[in-house]
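First the structure, which I've put down as structure tokens, then a few questions once you've had a look.
Think of it as A, B and C in the order they're written, each chain with its own count starting at 1.
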């Protein structure tokens, strides 16, 4: 197992090199310049030139890439051009809201998906199953910005139950923090719930059809007991892996939700950085997102392999 | 896909991994899925056909010129003259929705076609050539998958110009690895089969085998994936237009209509709900079609 | 129960009604006294935290290094410039009690006594000199352009400075009402250096002082109890600024009571917001001008007749009515109606399709021509572009639209890779700030994106800086406006009104047309 992990880790190095090269090239090809964007109304050409020289932006592209990669390999992701703070600090500041949002969204999705998924599978084609399948489809097909708009309109403006924008850290102020995170978490969570419900239902149905279940039933166990003691545990495995994969994507990907609800998360950070042509920030964050994605994929693969020896990754 | 949430179209609903890791064996299970597919599939096909007809015959069906402004009658509620009301410069919402069908379908189909073609070729080459080529191609695909698709689309949009072309290419790139992996997997499993050995023994060259034996058999899961991807590509185009990419004005796509109508949600909700409903129904219908195709071809996936 | 409607014998006008009526009644230039008069009825109450929502957060707390517009909003509450603007854009004393133009190239300022920075140090002539030197010599200073006409600053005595200019600059006092005149504590600069950009504790002299800035979350300032001006405020305990990037969400936050103030109401929301009882809207005419620059250095707009054809094809009234929903007035040039230099007698360019035909023929394109307009990818720009496209089509001119993001727009403009490009200037109190850098011949990269190089215009611009009386400058700017309508480096569209929205609890807000929100005398009910 250990050798396998090492091999997989080594295999990620060329991938990360490709990602780093790709993001560097892409962001430098976009028209526009971070200095011009920062100082739009100023005419001071000399100040701008000095700033460019100081940041090394006047050197040929390949040299800039090499020096950036050199620093990355030493653990230095550079500094944001706009606020001159280290990229790591910028991300660190934003990771907490993103993680909390992701965690709450996943909790909400499980709260919905587990009962619905289990009941759907236990009573196939029953009312819960029909409703559940419809809901699952709804969740996957609904554009999340439309959902966000509707939720804001309903709960924020009309009913005034929940705050519609801004972030309060639940670890500091639990009640206000949770209230502020509810709407965005529900926006993300509903779509996630749809995915999880479908997965859970499928894996439950499959587990229910297994031989050992028939044996348990033959032994006289009630349906409920069968589900609880045997089926559910096995059926949850694919669910856990789905959620694990989603965590990697939720961190950097909830951009639209973060924009609409004014949450200072990682998604908005990177999109704003692209608009401002903040090269080091874009490069650094994309690299971090890629690393996170790769690691979570690896963890999921290994988990699968450990649980089901039939599917050991090669 | 790195950095994409469900509901944005950039995460394809379910990871391709789940079915492969949970081999389906029970006959009861198979029967169930086919039954479910049978009920929903006609609806999906109906939606797809309607969308295609509307898109093709848009000039004939559309009640008004979608670009005609009428600054005297902006934000008018639905009436007999304007079945879905007018937008903020007085253009007929229904007309724009009808013409928008073209854009959405083009965005969906062309981007997936690109991904299928490029991904398919790459997967074929990787699976067939093996060794170093395989490693290189798959590393590249992994790199694309690890790249946050939103950033990719934004950057490509800035480089190529923010029109539909940029979005279509960006989406094509984002979906390519899925097809590449799929094709490669198929190639690997098919070339291991006996009839390929037999064909080789009879003297057939590599290319002939690829074309006559590998491709036809590999197509099934590709088609399944494609039919599901189109729905999400349409959703993704709408999401990207939220961030300012996509069709150039004054032309409209459903996504850009929703985005433009956002600010008028309280005064004139029909601007958002018309295209919103169209978007939702189309995506749902295409999902049904995709599911039905998957169920119908399911037994072959198990090999 | 009576079936006939009761006749109102005695009509009581609540403060809210009064505000609403005066806001609704004024279509264009509003009476700002409405709010203050209403507030003057009861005594101001001390206390409370004012919550303000802006579309982005500040970039830096150091006024000498600042390039962004939002920064200024906060600066005008914690820092003070030597001179300030009143509601009519008149220049009044700030940290300088009085100033005198000794000769064309010498300005003497008498500074206010008894003013302390928030860190306790004195504000005096040495501090002022230090500030100007820093603006001119600090490598990262963004104020170099604005202070270019200043040669040296001498300390005459403890509270008097003399500014020696390189050339006459009639626009300088107006420039000193903003960042270029803001005084920062030399002690804070010395102690904190680059960290001043994040942490401005003790650095200003204003009615409020910096408390903390949690990036991406909020910026907090609190009342300065030792403020030198004992008349009026400050009354508020604290002011909390929050960035809310989404317009719709910002408005909804205000309506839901989560914030008390927002800096800008989109034209499309104005009518609905004015009808909302929970919100008070103030129409504040701005100094801004929105226009399209035409590239004089390449076809098709190197031909004057074709530029004029485009200008004559536009129906500005229709654009202002249809796109801006009358939250603004059609523009006759770069100078806004709020400015003393605005010439009411010069009309904006009116649509004349017959003359368009003549101009097209004159320009060698009798059958019309095609070009591309580059504009920013935000809803109102897109809408305006679509309307203009339709208007030009009626005149036989085909316009294509190219949407780009802001960074690309700046890049295209600076490199002159455009034919017609959208440009929005936030405006300066002195007309020179809305004209010189755009229309003066300037080689290389500059804000003169059109590339115009016209001797007559250059001469007028230079003379306006040297002129000694406002009357003479006004005459020159009128001349300039007429010339600009002829030469068309830009096609001017609208001078927008920047409506600001408040919770009804906010009292005594005094709107100055520079759009800066100064909260010194504001209190919360």
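We adopt the following convention: contacts are C-beta pairs under 8 Å (C-beta built on N, C-alpha and C of every residue); 3 or more make two chains touch, one makes a residue touch a chain.
Worth saying up front: this structure is predicted, and the values here are computed from it rather than measured.
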A student comparing B-C to A-B should find more C-beta pairs in contact for A-B
Judged by C-alpha centres, the chain sitting nearest the middle of the protein is A
In terms of mean CA position, the chain most removed from subunit B is C
Averaging C-alpha coordinates per chain, one finds the centres of subunit A and subunit C separated by a number of Å equal to 40
Between subunit B and subunit C, the Cα-mean centres are separated in Å by 46
Distance in whole angstrom between the CA centres of subunit A and subunit B is 21
Multi-chain contacts in subunit A, i.e. residues touching at least two other chains, fall at 30-32, 157, 275
Residue ranges of subunit B touching at least 2 other chains are 158, 259, 262, 265-266
Multi-chain contacts in subunit C, i.e. residues touching at least two other chains, fall at 404-405, 407-408
Contacts from subunit C onto subunit B in the complex sit at residues 247-248, 266, 268-269, 272, 318, 321-323, 377-379, 382-383, 385-387, 389-390, 401-405, 407-408
Contacts from subunit C onto subunit A in the complex sit at residues 59, 67-69, 139-142, 144-145, 194, 197, 215-217, 242-246, 249-250, 252-253, 255-256, 258, 404-408, 410-412, 414, 425-426, 437, 444-447
The residues of subunit A that touch subunit B in their complex are 11, 14-16, 18-19, 22-23, 26-27, 29-32, 124, 133, 137-147, 149, 153, 157, 187-188, 190-192, 194-195, 198-199, 202-203, 205-206, 209-210, 238, 241-242, 245-246, 248-257, 267, 270-271, 274-275, 282, 286, 289-290, 292-294, 300, 304, 308, 311
Within their complex, subunit A touches subunit C through residues 30-34, 36-47, 50-51, 82-84, 93-94, 152, 156-157, 160, 163-167, 259-262, 264, 268, 275-277
Per the touch rule, the subunit B residues reaching subunit C in their complex are 67, 69, 71, 74, 88-90, 158, 161-163, 244, 248-250, 259-260, 262-267
